[in-house]
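In what comes next, chain A is part of two complexes: it sits with chain B in the first one and with chain C in the second one.
Our next item is the complex of A and B:
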């Protein structure tokens, strides 16, 4: 009984952590699923989101004339909300530039896209280093979501629960967008049969541009949400891209539900091993992947391959 | 005429003579170069083996700045033994295997005279094995595992940072008196973490404390929520953390979010300046160790800070920290030892370094420092500090609470476990 009582906080914590992992993987999954591009720059764009947000929140009086002064006078919560909206948009624009560079690689060996995004990751990381320095930075959060509360005799971080709740909201909104809007239907159709979509008169190049920007904006959103937890440094993206890749393989490439469930599973695994066998906490997610892939090569919710018939 | 005959006839032609002439000129140039090198009149080339990527990239950059400032200052006064000092840097990537590869390359291909630089103890150990095999003097500037001057010591290696055992000596008995006897260890799962935790455990138990558990933290951990929940469930009075680099940054941020910085009490073995510079002071919790601080009220400190700011006006880190200081002091001491020895012969320079004594004034510390000839670790002042809460100067983040003389914090275990190779077993190297 004592064991169960002790375990409960770790289950709650694991689910919260898993939702954060799912948010990190969401943009990566969208780009792989729809465009069949493994975007290795996902992590650097994740980091860039955090840096842009820090800049947006930290605007100083006099930077942008009267408008800037008005902005500086806003409460911290309002500036943080601006950062949550403007940060991903700004990174989405960077993503559009990257997609234009990627166009030459479509239809060729996937290695070209892989190498290009790998190169982009290094360039973005170096630009961050030039722009903001290589030291640790800090993303200020509003007082309403900072601090801690006591529940069940333990101290919990308010921000962590805000971040988990925000992840749920973001996941639901993206799902509604993909499943309940005509734009989502076009995106899914583009992933399923791009030639047919083109034959119907839809501009496929434009579709790819927007999908890539959307996926990258989600990476930036995850970067802003994770910055107060993981900290902000130029290479923080490496910490995001590896679990993101692992989660989409575990959930099944291209599966939205699979990515969310795999994220939660990884969070639970890492959270529980972190408490009871902490030296295995990082390794545990790879072991989970090995177990799942051994019995189900296409991941938890991946579509059946022709080769498996 | 046969082909062979044609060939023979060409051998005596003008083209053949030209080829022989060029070859002879190249051979002559090579011989001249070799004799110059043998005579030791070319530049002294230092191989900088510091991390530019990975967990300790930021500290590696600070370490390098320290070395470069010492080199620039010596070059400004004419170099050493009339020879200019040059350097080559290769990224060791915070990875031991890369460290070995870099050291091999610097010695065999770049023919460096000396090697300097380390933040990760695993990398330092890997480099020093290669250095010892070749007889190249290597300075471990900033890695602080007790094993670096203990069981992994080498005749060619000199260690300049305080180690985990030194910092634990300074902190443990005071913390038991002030906070309690029930301790929990949070340990980075690699060589520095394990050895520091082991030293802390021995000191806690010797002082009458009890270790109720040890939580191992894999390198690369970014989420400490489950570990912090576990600490709350275990209810220690003191947490002794030996967590470094980016892991420590994430840990600190998450402890601050929970407001757990005061209860339990935290003893953070060592706090490297590049890891905390620019952060809010509530991220600096507990008591931590350092070897130097830019606000020490000692002669020479203000001038040293001014020289740093003059040389690095565009660096985001506006004031130097302990990592820069160690990089500078190590390089400065090596170049001074070469001057004193009057040669770059490794055996002669090693003997100079083994008897190195530096006054407190020259070290800008509170006590005289000296090189322990049995372990090759610099014995120096160790400071304990806390966050300087309420400071109006955002750079003035530390509040120094105590300083300990080198002998008070000496690592006795290192002397017992270090077994330096003999000079006969150390290849002669005279760059």
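Our next item is the complex of A and C:
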């Protein structure tokens, strides 16, 4: 029993981490599905989300006249909620810009889209460096969700529970959006067969624009939630995007359930190895991937994908 | 010069021009404001890029974890010098063998895969090696890496030369580069080369003809990692150290960028041009602005958007203007 109680914090941390990874992975997967682009800039946009949120929370008095002063007067929780909404929207706009650049690569080897976004990742990272410096930054959280509490003789971080709960809510909302709205139906159809969707009279280039913006907005949302846990560095995105790749491959490209389950699996693996051999905790997820992929070529829930050609 | 027999099959005009430029490099590089060591770095990366392009440009297989094998080569060179004996040949052979061994094991996992799964698995394996290099302190020296690797004298049986000056090292590295270029040129114009080009165009059909696609993909990856290991060994010799930086995802991405900017998708010489452009951009842009990666990244994005065939592709288009087909997509490497 002692053993189990000692392990519980690591399990909670692992699940919270895994759910956030799953959120990043879902945005990534939507983009892969609809546009057939491996978005290597996903991690940089994840980081950008955190930086935008920091800026939105940290507005100084006198920046935007009376409106700004009213905003600064708001409690920390309200400003944090603002950041959670405005940050992803701002990153979504950046994503739209990137999608416009990507248009030239459609219909060619998927390699070109991947390379363009690799270049974009470099550019965004350098822009973050120019804008906010290379040093580690800190995103403030409102007092209601920061700090820690003691339960059963163990210290638990409140924020981890908030992060896990928030990710679950976000994942459910994304699922409802995809499964229960007409827009979701169009996106899923676009991922399945974009030519047919176009033939049905749906504007494909507009669809791609919005899906890309939506996908990177999810990354930004995850970035904001993750920032207080990991801190903000210009290259923090790499730590997020690599697990997201792994989760996609592990869960199977195109599978919503696969991404969530693989996300939790990766999170738990990292969390549990973190408890016993913290040095090697990040390595364990690569080994997990290699083991799974050796036995199941398309991941846990994968179907045959266009991207294999 | 496209005859496949005699002298022209081994040495071509672009080859002679490239060699001539590179041989004369130490005599003029100082006077254009650069320095001797840059030449060593460029030629080492040219070997690395040529090996990488065998995989990317000729077989159409994207690897985003190639830095790992470069790093394995560097560590193998360093460890053999520090723990076994000081010998250039032993060091380089160890570098090639261990990188190829790592590559062969990874390729066994990879070669059934295609497209996105292939790319993602190369990333995963690359990260595994990178993690090992950082965490396995007792062997690799952790984040600091191996320091004070000796740069042994070159012993070719009857004579022995000191490579302590950068000029001497440059000519040694260049000699290996010449061997690699001629060897690769022959390889890609052999029946083997024809099959890997066919795999790039359509893997399934190549299989239907009766070629063992798995074996070709496996051997190309292994060969490419062996060359990365050779380059890594030379790099450890030049730097007199080996460190995990070269194995990171970023470093692995740079080699892809180099090959693409140069035009590896359409030309044998693409990687050579790309490596030179990368290092010149690093030094020239880097001395002009601290944020050179921003400008290099923007340049790269523009290149992918408007000229995905790279510099060599633009040059080919310039030579035979009027030729209709210019999209560099899935076309075999011709020259």
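The rule we apply is simple: the second predicted complex is superposed on the first by the 292 of 309 C-alpha atoms of A that agree within 3 Å, B and C clash if a C-alpha of one lies under 4 Å from a C-alpha of the other, contacts with A are read in each partner's own complex, and residues count from 1 in each chain.
The rule is simple: a contact is a pair of C-beta atoms (placed from the backbone, for glycine too) under 8 Å apart; a residue touches a chain by one contact, two chains touch by 3 or more.
What you see is a predicted model, and the numbers here were worked out from it, not measured in a lab.
The superposed arrangement places chain B and chain C in clashing positions on chain A. Of the two partner chains placed by superposition, only chain C is touched by A:105; chain B is not.
When the two structures are aligned on the shared chain, A:155 is found in touch with chain B, with no touch to chain C. By the touch criterion stated above, A:130 is placed in contact with chain C alone, chain B being left untouched.
When the two structures are aligned on the shared chain, A:230 is found in touch with chain B, with no touch to chain C. In the superposition on chain A, A:283 makes contact with both chain B and chain C. Once the two complexes are laid over each other on the shared chain, residue contacts for A:200 go to neither chain B nor chain C.
Note on the superposed arrangement: chain C collides with the chain B stretch 95-103, while the other options among 59-67, 77-85 or 95-103 stay free of clashes. Overlaid on A, the two complexes show chain B and chain C touching the same residues of chain A, namely 279-280, 282-283.
On the chain A side of its complex with chain B, the touching residues are 6, 9-10, 13-14, 16-17, 132-138, 146-148, 154-160, 228-231, 233, 235, 239, 270-272, 274-275, 278-283.
For chain B in complex with chain A, the residues that touch the partner chain are 53, 57-58, 61, 189, 215-218, 220-227, 229-230, 232-233, 246, 249-250, 253-254, 257-260, 274-280, 283, 315-317. Per the touch definition, chain A reaches chain C in the complex via residues 32, 38, 40, 101, 104-105, 108-112, 114-116, 118-120, 122-123, 125-127, 129-130, 238, 242, 245-246, 248-249, 253, 279-280, 282-283, 286-287, 289-290, 293-294, 297-298, 305, 307-309. Residues 60, 62, 109, 112-117, 119-121, 123-125, 127-128, 131-132, 135, 249-250, 253, 256-257, 260, 291, 293-294, 296-298, 300-301, 304-306, 308, 327, 329-330 of chain C are the ones that touch chain A when the two sit in their complex.
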